[in-house]
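What follows are several structures.
The two complexes that follow have subunit A in common; it is paired with subunit B in the first and with subunit C in the second.
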Partner chain A sequence: MDIDDILREVDPTFDSIPVETRDLQALTRAWIAERSAPELLDWPADGLFERINDRIKKQIEKVEEMTGDMDPKTNFALIVIQTELERFKFLVRSYLRARVAKIDKHTLHYLSTADLRLRLSSTELAYATRHQALLHHHYLSSFLSSFPASLQNLNDTSGNISMIDTPDVDTAVFIRLLRDVVVRGKGTDVDGAAAGQHGDIFILRWSDAKGLVESGSAELV
Partner chain B sequence: MALPLPPGLVPTEVAFLCEMEMVTIIPRQRLESISLLSGQIPTLRPPHRAQLPLWLALLLKKQRRANIVPPSWLHPASLSEIIHHEINIDPEGFSPPPPPVTRSDGRGMARPYGDSKPGDMVLSPPFLPSCAADAPSSYLPYHWLELSETLLAHASDDIHGAAEVRTLLRDLQEVRAAKMRGSTTQLEGGGGVVGLRGVGAMELAESRGFVLGVVEGVRKLGASAEATRREEEEARSEGGEESDEDMAFG
Partner chain C sequence: MYGDLGNKLVQYAKRTQSLGFLPPYQTETVRGVTREVRDLDKDIAQRLEPFGGSFNPQADQATACTLLVNHLSIRRNKRCLLAYHKSRTDKLEELAWKGFDVVDLAGQQVASGNAGSNLGSADGGSSSLSPQEEDYIRQYSDLLAAYKGQWTDIDLTGSLEPPRDLFIDVRALKDAGEIQTEYGAITLTKNSQFYVRQGDVERLIAQGYLQKLG
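The block that comes next holds the complex of A and B.
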């Protein structure tokens, strides 16, 4: 027990949520959001992933050290640690896979403007650029090269029709409010608004929910 | 395919989330503290109660190292009260979710749990202590269905009146499933925002595909009407009539 534990017990104003819980909450929230939102969300900027990856790496090293120990007590601790490690790895993996799936689906869209490129992490950006280049090269060598030069583009926007497929931001999503706030949404017949309380669940379009989610007033569920 | 799952959490993923809920256990044997990625697990000393994530509690339970103390809302009396509320008091909506967990700030005021300074992170299920033994009774938390099913499957001997609880849960599930189906009439209206206060995670996951399908269908059918309406509103607000009302949504 160190001074923080003692403070925590006597002082109710002391911040009792440890940084590990905060990171797990942030990771879980990011995962759920990425699984639910129709478009790719921003890569967490505050180094959340680097922190979590670091910790996972350290934990794996610890497991490797402990495996040599044949004491039954360590054995049980080892089972617990490994179970948790697998759970963390699942979260990270599922989050990254959800992002890659979205990037694969609309590669050209996410590479089209600087703003959209900022949403990708550096590895994701490298992957998307390389993948798109390979794909373009493949198309070119198999059939595009026999087309007239003016028809060889994959990102033609002439004639008011864009070749670049974009995600549908009006897809409906479920959100949970994290504070009392008025929820406004566009509808087909009328535009709606509702006074929401902390913890309420709403269905609305992602384009309307985005502002609430980004400001931290709501999360996707 | 990088991820062959549809958008939105599927039931197995919801169950995975539910396993992070904190539950109360009574250890049967001493266990040294273990440092995990999600934080330090306290040293377990019988008969002192401790709060652990559900997945760990189930592991200890399976090895007969601990007993799980069911949350107070899982008591038959509490469940009957909720069913009474669902059927008689509010036959339209779901029973209300548990009140936000607050802590005293030491100056006679209550603050949201985990919200120490303005703008700080707000915790949400499964990281709220809504399934611990001292969670408020008569309120169903977000992960109620998954949690109670898991406890009944793996720790039914720890639950007071397990057979009765099982029957009550089935009734509750049926009443609420009917309400969930009924909520589609709201979706048809095309009003933009539909509230589902008090709904549970598994209930959402079960009907996500259906609900989203209805909303999408309504939107696509009404897309041209909506575009016309928006153009009209824009024209009107440019003309200066009722500008306040339209500007707010524009």
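The block that comes next holds the complex of A and C.
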């Protein structure tokens, strides 16, 4: 902990950041992280998206109310609000699409264990389950049904090759440190470690960065 | 030779990835590969029959080798088939996300010339999708619609480009008739130019009716 952290704790403005702004920050952060991480990350559990959805609805209503007004001043405000709304929508849309793309790519992997299932929101889980069922049915009706019964599975692991594709957790990611920690990375020959300071940016494997990101010591950039 | 047909399918799949449209379904090749798998399986069963379930690979290495090759070929064929079908379904899903009405395939073929989509087949009349694929994409569209329904305000299939301006310049490439916006109705006639709200016309840009300028 350095002087900045202490200052931040006693800073009266820190707690006074309205929840709206903090939600936007949380959303932006989740969006950036989701887009750069090779793996699906946890679905924000604290009702972030319910709040955001409500707010978008409210803004849309407001826009509808204001459209009737012909006053140039309102008109300008209207444009600002609408632009803001479009940007908000884009964030949510892009975030959800990034997740769906990952889920689609490794459906069976994310459905395989209860632990991984927890990362999906309930709607995503329903979507993934249904999509996989559809795909399986499609394969079955296209060609699998005429295969010998022992070969009809989609999750065979015989022959040392698992049919379930998993995300590559060794992809490189960029992280920014949020506090001073020692960053450890696995190397080909030797493992490396570096003392990182708040604000430093590192590039390392996601498997090494994951712990730091999850503990809140770093964020993806 | 074993695997030749499978290889063909993989090549088709690879080619499909870089194409903007879906080439016709290779019914014959798929059937051929499946037949090969069945024949190989029969062959395995026949070879194993005289041993009555107590086959010892050490004692009869020639048979063991044949069995191994047969097994591997079957697995390889399965992988080829899966890859081929998966690449096609991926393509179909992509189209579904982009908002093409894949469900209405019959309509697509008639309109394929002017709707900007190439789903209609080249040889005219018959669809480039297998009946199973049509079935699949119909159900997938339903699933997608259901998932999108959770996020009505956001329009999940909308543009993934970050929005810069609220209003954009567009030029109409075809006659699209009259559309309703918050600022009243505008009539889109060919080659006319408008300054409109992006959200209102996104669909039309995706469908090729309008072109974004600047």
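The rule we apply is simple: the second predicted complex is superposed on the first by the 205 of 221 C-alpha atoms of A that agree within 3 Å, B and C clash if a C-alpha of one lies under 4 Å from a C-alpha of the other, contacts with A are read in each partner's own complex, and residues count from 1 in each chain.
In this section, contacts are C-beta pairs under 8 Å (C-beta built on N, C-alpha and C of every residue); 3 or more make two chains touch, one makes a residue touch a chain.
What you see is a predicted model; the values in this text were computed from it and never measured.
Undergrad: Touching A:T123, do we find subunit B (first), subunit C (second), both, or neither?
TA: After superposing on A, A:T123 lies in contact with subunit C but is clear of subunit B.
Undergrad: By the touch definition at the top of the document, which applies to A:F147: first (subunit B), second (subunit C), both, or neither?
TA: The second partner, subunit C, only.
Undergrad: Based on the superposed arrangement, let me know which partner A:I56 touches: subunit B (first), subunit C (second), both, or neither?
TA: both
Undergrad: Residues of subunit A touched: more by subunit B or subunit C?
TA: The partner that reaches more residues of subunit A in the superposed model: B.
Undergrad: Tell me the contact category for A:F90 with respect to subunit B and subunit C: first, second, both or neither.
TA: A:F90 sits against subunit B and subunit C alike.
Undergrad: So, does A:Q82 touch the first partner subunit B, the second partner subunit C, both, or neither?
TA: second
Undergrad: In the overlay, answer first, second, both or neither for which of subunit B and subunit C A:T67 touches.
TA: Only subunit C; A:T67 stays clear of subunit B.
Undergrad: Answer with first, second, both or neither: which of subunit B and subunit C does A:L134 touch in the superposed model?
TA: After superposition on chain A, A:L134 lies in contact with subunit C alone.
Undergrad: If you stack the two complexes on chain A, which partner ends up touching A:T113: first (subunit B), second (subunit C), both, or neither?
TA: In the superposed model, A:T113 contacts neither subunit B nor subunit C.
Undergrad: Residue by residue on subunit A, keep only those touching subunit B in one complex and subunit C in the other, then list them.
TA: On subunit A, the overlap between the subunit B and subunit C contacts is residues 56, 79, 83, 87, 90, 94, 97, 100, 104.
Undergrad: Which residues, counting only subunit A, touch subunit B once they are in their complex?
TA: Touching subunit B: residues 11-13, 15-18, 20-22, 24-26, 28-29, 32, 35-38, 52, 55-56, 59, 73, 76-77, 79-81, 83-85, 87-88, 90, 94, 97-98, 100-101, 104, 170-174, 176, 178-179, 183-194, 196-205, 208, 216, 219, 221 of subunit A.
Undergrad: In their shared complex, at which residues does subunit C touch subunit A?
TA: 30, 33-34, 37-38, 41, 72, 74-75, 78, 81-82, 85-86, 89, 93, 130, 132-133, 135-136, 139-140, 143, 146-147, 150-151, 153-156, 158-160, 162-163, 165-166, 182, 197-199
Undergrad: Which stretch or stretches of subunit A touch subunit C in the complex?
TA: 53, 56-57, 60, 67, 79, 82-83, 86-87, 89-90, 92-94, 96-97, 100, 104, 123, 126-127, 130-131, 134-135, 137-139, 141-144, 146-148, 151, 154, 159
Undergrad: Give every residue of subunit B touching subunit A within the complex, in rising order.
TA: 1-3, 5, 7-9, 13, 16-17, 19-20, 31-32, 34, 36-41, 55-56, 59, 63, 97-98, 100, 103-106, 112, 114, 116, 119, 121-124, 126-127, 187, 189-199, 201, 204, 208, 211-212, 215-216, 218-219, 221-223, 225-226, 229, 248-249
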